[in-house]
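In this document, chain identifiers A, B, C, D, E, F and G correspond to the written order of the chains, with residue numbering beginning at 1 in each.
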Amino acid sequence: MSSAMRYLSKSMNASILVSLKNGVFVRGILRSYDNHLNLILDNAEEIYTAPDGETKQSSIGKRVLIRGDNVIVISTPKIEELEE
Amino acid sequence: MSSAMRYLSKSMNASILVSLKNGVFVRGILRSYDNHLNLILDNAEEIYTAPDGETKQSSIGKRVLIRGDNVIVISTPKIEELEE
Amino acid sequence: MSSAMRYLSKSMNASILVSLKNGVFVRGILRSYDNHLNLILDNAEEIYTAPDGETKQSSIGKRVLIRGDNVIVISTPKIEELEE
Amino acid sequence: MSSAMRYLSKSMNASILVSLKNGVFVRGILRSYDNHLNLILDNAEEIYTAPDGETKQSSIGKRVLIRGDNVIVISTPKIEELEE
Amino acid sequence: MSSAMRYLSKSMNASILVSLKNGVFVRGILRSYDNHLNLILDNAEEIYTAPDGETKQSSIGKRVLIRGDNVIVISTPKIEELEE
Amino acid sequence: MSSAMRYLSKSMNASILVSLKNGVFVRGILRSYDNHLNLILDNAEEIYTAPDGETKQSSIGKRVLIRGDNVIVISTPKIEELEE
Amino acid sequence: MSSAMRYLSKSMNASILVSLKNGVFVRGILRSYDNHLNLILDNAEEIYTAPDGETKQSSIGKRVLIRGDNVIVISTPKIEELEE
């Protein structure tokens, strides 16, 4: 199992933040993935900075598919404490 | 069956919204797909923001083929309630 | 037969509109294709918006080859009624 | 034999016009090709629009190799009448 | 074992700096990698130059996955002395 | 032997001009190549247009390697007369 | 052994200059490479032109890994005299 797959396996059902090559950030609950790094996220939101400098989010779908070749970085803010 | 294929299988005959790498959003009824993420959509519309800030749509074809390597994100606003 | 191939098979000898990654739209009669989505079009025209806002076309060849990796979306305005 | 190969086979020793992904147009006599769409052209000219709006050409070599992955569209203005 | 894999093997559990194709620099402790150059980093920080010219960092996650195809250069400032 | 390989084989030890995807032109004596279109050139010079409109060259190395995927067009100004 | 591999083999432990697709130039001692053109360089420096027009360098690491797909041109200023 590759490093990427193991990382995603441990992140299942956790909230992840994905930065995409088009400059967009998407946050959602990881429900599924495959070895192309295609991701299925629930309660997905786009995260952006409003003109007043505040960070905002807007829903992009209850369940979305992100094509894996768009991914730059994935972070899983809430699961590190589960790692040994 | 990969995560992407399963997602598209569940979205058959539903309305999906596709964001493309050229910045365009396309909405239509998913009629078919293959493992390159090529998509066949019916009643396809391009979604865009008009200069007055309103979201508008304009038809791009009763049946269109989207080449899969252009896809960034797919969402299926109306089928989440079918998921277990 | 993949979804893309089936779509193109049904579009043979019909007029199709192809949007390309360089922002150009090409319209022509589909005469042939292969599994790279390479397309042979007859009476091909580039479609563009003139400075006065009008949509215009200019011929780019009686028979042209479009390399498949440039394709974003293909639509076939006149064949939907043939679908079951 | 794929559609692209058959198209190029019929265009051998004819003048073809090639639009490239960097925005350049090249015209020349097709002398050879392979299945990557690499092209060997004789008497190759770059076609461009001068600042005064006129279309001009300038020689880029008696025999040139174009790497196939740069190709967007190929047209063969003078051979359509040979097609059945 | 390829040069890239050997380099990463020697950098395990060390702090590495990764420059990405989108212009971002990320620094973190290398915890895992695979042969796509996918990287798992702990205590990852984005490094950037503030408007006043100072170099700053901001945390992007306790454990992140970087998709390998985004990598330009990796440096491991603190392990050179371990090399023979 | 593909068209590209035959072209390069005939260009061995001749001066070639290579246009690259980053807009740079490189000229040099072709000493070696492989089937990725990687090129080894001797006495390589970058060709550029100076602000005064004159074409100039500056040496970039007595022997350089060009990674093949950067190549757009290769021309070999001095060998056409050797072709049958 | 391909042309690229032979070139790198002859450049081992020599200073090489690498131009990258993001416009950066890196110079360092070649310590290792593989068939993806991944490069391990020691005493790596970024070479750039300062606002006053002078060429400057700044260290980017005692040992760095450059992912091969970023490479445009490699030159080895000091080893040509070793070639037969």
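The criterion applied here is as follows: a residue touches a chain if its C-beta (ideal position, glycine included) is under 8 Å from a C-beta of that chain, and two chains touch if they have at least 3 such contacts.
Please read all numbers here as calculations on a predicted model, not as lab measurements.
To get from subunit B to subunit E along touching chains, fewest steps?
2
Which chains lie in contact with each of subunit B and subunit G?
Output, common partners of subunit B and subunit G: nil, no chain qualifies.
Which whole number of Å gives the spacing of the CA centres of subunit D and subunit F?
Between these chains, centre-to-centre, one finds 20 Å.
Distance from the CA centroid of subunit E to that of subunit F, rounded to the nearest Å?
Chain centroid spacing, subunit E to subunit F, equals 35 Å.
Can you list the residues of subunit C that touch 2 or more other chains?
Expected reply: 69.
Beginning at subunit B, go round the ring through subunit C first and name each chain as you reach it.
B, C, D, F, G, E, A
Which subunit A residues qualify as touching subunit E in the complex?
My answer: residues 2-4, 6-8, 17, 21, 23, 37, 68-69, 71-77, 79-80, 83.
Please name which positions on subunit A make contact with subunit B in the complex.
Residues 20, 22, 24, 26, 32-36, 38-40, 42, 44, 60-67, 69-70.
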